Amino acid sequence: MHFASDNTGPVHPRVMEALMRANAGYAPGYGADAVTARAVAAVREAFEAPHAEVFLVGTGTAANALILAAMGQPWETVFCARTAHIEEDECGAPEFFSAGAKLTLLGGPDGKIAPEALEAALREAAGRSVHQVQPGPVSLTQATEKGTVYTLEELRTLCGIAHAHGRKVHMDGARFANAAVALGCSAAEMSWRAGVDALSFGGTKNGLMGAEAAVFFDPALARDFAFRRKRGAHLFSKHRYLAAQIEAALADGLWLDMAAAANDAAAALETGLAATGKAELMFPREANILFARWPRHIHRQLKAAGAEYYLDGTLEGPDPEDLLSARLVCDWSAAPDATEAFLALF
Amino acid sequence: MHFASDNTGPVHPRVMEALMRANAGYAPGYGADAVTARAVAAVREAFEAPHAEVFLVGTGTAANALILAAMGQPWETVFCARTAHIEEDECGAPEFFSAGAKLTLLGGPDGKIAPEALEAALREAAGRSVHQVQPGPVSLTQATEKGTVYTLEELRTLCGIAHAHGRKVHMDGARFANAAVALGCSAAEMSWRAGVDALSFGGTKNGLMGAEAAVFFDPALARDFAFRRKRGAHLFSKHRYLAAQIEAALADGLWLDMAAAANDAAAALETGLAATGKAELMFPREANILFARWPRHIHRQLKAAGAEYYLDGTLEGPDPEDLLSARLVCDWSAAPDATEAFLALF
Amino acid sequence: MHFASDNTGPVHPRVMEALMRANAGYAPGYGADAVTARAVAAVREAFEAPHAEVFLVGTGTAANALILAAMGQPWETVFCARTAHIEEDECGAPEFFSAGAKLTLLGGPDGKIAPEALEAALREAAGRSVHQVQPGPVSLTQATEKGTVYTLEELRTLCGIAHAHGRKVHMDGARFANAAVALGCSAAEMSWRAGVDALSFGGTKNGLMGAEAAVFFDPALARDFAFRRKRGAHLFSKHRYLAAQIEAALADGLWLDMAAAANDAAAALETGLAATGKAELMFPREANILFARWPRHIHRQLKAAGAEYYLDGTLEGPDPEDLLSARLVCDWSAAPDATEAFLALF
Amino acid sequence: MHFASDNTGPVHPRVMEALMRANAGYAPGYGADAVTARAVAAVREAFEAPHAEVFLVGTGTAANALILAAMGQPWETVFCARTAHIEEDECGAPEFFSAGAKLTLLGGPDGKIAPEALEAALREAAGRSVHQVQPGPVSLTQATEKGTVYTLEELRTLCGIAHAHGRKVHMDGARFANAAVALGCSAAEMSWRAGVDALSFGGTKNGLMGAEAAVFFDPALARDFAFRRKRGAHLFSKHRYLAAQIEAALADGLWLDMAAAANDAAAALETGLAATGKAELMFPREANILFARWPRHIHRQLKAAGAEYYLDGTLEGPDPEDLLSARLVCDWSAAPDATEAFLALF
């Protein structure tokens, strides 16, 4: 009953095998090895983007913060959702790597940025003087932190607004795979064809050990990235072990299979929760995350039985019927019997 | 004939096995797992430092830059050897993480800081006004970038000078294991007992995949480290895989065995080079790195045969008898027959 | 009819005279002169704070950004009003000087922070983990950017909430004098007695040429300020000319007389606007700033006649009866006939 | 007998008069006023550079640090003399404003950069990899911190080397006027015609109250300067008072007259010291600064009589015949009788 996060499960066996294979003999360091060359080629192929610039790093926060720093200036502001990971879960990494840029928080339904909110913010920012922070890149999260997924149409609309105002678009794709599976679309459709200029292509939350790709569909933005990565201490010397993970994920569609398994597990949880008649969903469940509410006394039972998930509130409150909300996340390794055991406690 | 670096060899099989073991089932993220707890305990035990604060990161540059930032202020300067890794090979990471600190470069023989140079620099800095950068921590590299090893006496002297001036001491121990083996001393003797306040305890160059420990013998210095690591994007979510590497290295003295193998290989190379009568050593060979000079025409033969090492100069020069210097590095996996093949080309 | 800002009027003649007096002969640089010593003493006396640490700088943004940097850490967030100068008019200076801190924007009526908003924000922040930006200082603006003035009771309440949560309080007092006159209270009552730990004591907007004092009632916060000011390039070599301005302002209550004149002029404007029956006030007019709305066609007349003030909206809109809002600011030199001429155009 | 610095004398009366004139009535803030427009035009005219971008700031450190930040990247290094003000007297301001750039210190005679040292450093830097800090701008100080003056030929040579390596050239001209007078050349010859791309044009050390101009002969470098200045808190709201100083300095050659008076005073001091037969010059005296050595017992007499200058060493040493070095600086207001009184004590 482990629903705390998609970073608490094991690495996929095929990824571990790839690490073993990569471990044979010598390889030049810092990305000059053959595995890295193949991994970069695999990313380009998966995205149908032969000219994309691709850099590997070890954490999603590194990908986000380094890319945003490369896309903007210290005196600019990044436009993002109020609930974005870069705002709420990175302890100021975007501000640090950008040397002091701001984040402008935009509202919208279900963890998404509302197009009107983006349009209004960019219009206001267009009239700013030297006294004010200037408009920088727009950052979208796909899938969102609320487990919802922008449709292709929504992505195109938001990217279109950004571009119309001369802004570049970053996508935080820590759960890119889950979103792509949810939409049933290609990686290209959900990124550069929709207008995304640079992507944090997540791997760690999708069955890898710790590997993410910074993908620049607009290669001009990548000009200084190698220096930023190095001085950010994110250039791994034994680079083949990052690359082997990415290569394994992209081989034979493993990345999509893992995401599909995660999404399916979350869907099963959703169905089961609905069937209990005791839980109510807080956002549409579209990928591998689910937010729901149910009475405190059931939370007590679940926690007592060892279920792991984020609980918003306290088990100790006086009223056992109070509705408390939970976040449940599934990864590729989610087991059906864990879901059943979890639901049986309702 | 791979002598380019100690980050080009494979990960030790026992480390790979540890990663496999760590891959069983679920584990909480961000260091709240059992493997991390055991790895931290193992570091404390290896250093006989039960109260040390220990944090894991993925690169040596991250360990160095984050620790130095934690030890100083942006308006201070770090005292280090002119040849230190933090000066020459980190693309400004210490400056970045410290928000703009300086590095003051000190001379000395064989890649070491001369005590008189440190004393003079700290004495001068003591009299500074608000117009000048203030004195910050002292950073020692053990083993040095020139492959030499400070004796315990030298370490105590340098740390004593630093402390007498109220300065804290950092040790860049990317090759700490090689130095400890060379001196035949304990980890404690070569660190906190000699006066080191915080240590970058290297693993990656010593048979690991990518794992380093920031070890604070002075726990007060670690107060904000968790925030610095997170906003530096160096807090790994699947933290057990960093921890498993460190735990495996410290189990049954593997880390020392690997370092001994590397040092022995370098010693064999040294002996062999001396026997050729054609190469001259540039610094005492004390750990697993060796700097030597020999004629250009021999470099041409070696490179043509595929030997890998850093060459200072160009193969294309006119005079085949010119002496060009080389850096040769061995890791745990260095094979005797590679050494023999290499030497046979002289 | 110059109501654009309180930084567009001339320097008070007594301040110019003080500059002339300070210009006699030699004086040591960087604040070691007698005028600076007297100015610091005058600030301490005016605030009944003999142990306060006082530093002079040339701009209000410098005072704010340097003080906030000294009060917090790069991984913290400053709590301030959504309309604060540090958020809206400093082009990211607080973020720059703090090396990447955030600003958390709080709502409230009339440009003030609502106590409930502060309490809620600090309560939420208290439960944060390493993944999130940590709580830093609270910054209050007195008078506010909307021209309103916190009562002493309101200040005490907000400072009390901040302190109860372990947070220090900064006051942006660019218009401290106008607020003190409005409340008829002492400088001490409106600052440290109410709970303020550090103050940007404004001078430039109150008849000086360009001089502000950073006043630390909690001297511990000032420990590194001299270094921060110097490396921020805000330590003036010919320091006596900053000091002479501050000394002149504090001599014989000139600073309060100037603020009273400014407030009175704004009050006259308020009365006159009400008398026209065509303008409506948007916030209570409590100091020297006034926000009001009136029809576009009157704005057209005023602007055509050369009136200067910030207009929110465009003169070119189709409907002459649209209400557009204006900001009107008075300084010590505001002339009654300018006000009359302005009102006559309604 | 005030020879401590050229920032300890009074502001020139004509500059004070200009401030008085600028104080009449209203003027828009932040540089949108008529005085600023005239000052910028005067700078362009003085430098015969109609397309130069000109920005005013209040301190020389601000001019240097902001310009260097605009000319480089955080992962670059600035090449400067070992004795440069940016290295020795700005408490890390260049590092702060550049977000962590380094300074590479170059040797040379008499406080100058030796051309061979620059050539060697740039050649070495050209071959750097991603692991190393990249080459950034070259910064020359004219007049140097040792009181010497680069000849036009020397400037052209150094700028030529820099440009041949693709590097831009900054000139720290805190004492630009003194150097121009010493060389008897035009402002254009000593700046852009010699190859300087951006200049810190000093005023404060040359009779102004606190005003410096950042002059970009290469306007492309100035693109973001307005934002950098504002977020560095160096955009003065009552901008006319900075501008009035610059305008007054450039009117009727006052800036050159003041510098000539300072240089002449230093020359008189030099002649007088030589005549004593007891002092020896340490560097050629070419502008308004003079470094010399003489016995401790004379220093004791001078200091006892109230003479002010920087003394390198201590009056308390045992041997009264020890030679201790002194720095003597003259400004426009240096009085002949002070010099005579000073010399009479030898």
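Note that the chains take the letters A, B, C and D in the order they are written out, and that residue 1 is the start of every chain.
By our rule, contacts are C-beta pairs under 8 Å (C-beta built on N, C-alpha and C of every residue); 3 or more make two chains touch, one makes a residue touch a chain.
Source: prediction; values computed, not measured.
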(message) If you apply the touch rule, which chains end up adjacent to both chain C and chain D?
(response) A, B
(message) Relative to chain A, which chain's C-alpha centre is the most remote?
(response) D
(message) So using the touch definition from the top, which pair is joined by more C-beta contacts, A-B or A-D?
(response) A-B
(request) Mind checking the centre-to-centre distance between chain A and chain C? Centres are C-alpha means, answer in whole Å. (result) 42
(message) Between chain A and chain B, what distance separates the C-alpha centroids? Give it in angstrom.
(response) 34
(message) Averaging over Cα atoms per chain, report the distance between chain A and chain D in Å.
(response) 51
(request) Could you tell me which residues belong to chain A and also touch two or more other chains? (result) 74-75, 90-92, 95-96, 99-100, 130-131, 134, 227, 230-231, 235
(request) Using the touch rule from the top, collect the residues of chain C that touch chain A in their complex. (result) 74-75, 88-92, 95-96, 98-103, 130-134
(message) Residue numbers of chain B touching chain C in their complex, please.
(response) 30, 73-75, 99-100, 130-131, 134, 224, 226-228, 230-231, 235
(message) Under the definition above, what is the set of chain C residues touching chain D in their complex?
(response) 2, 4-5, 7-11, 16, 19-20, 23-29, 57-62, 65-66, 90-93, 95-97, 204-205, 209-210, 227, 230-238, 241, 308
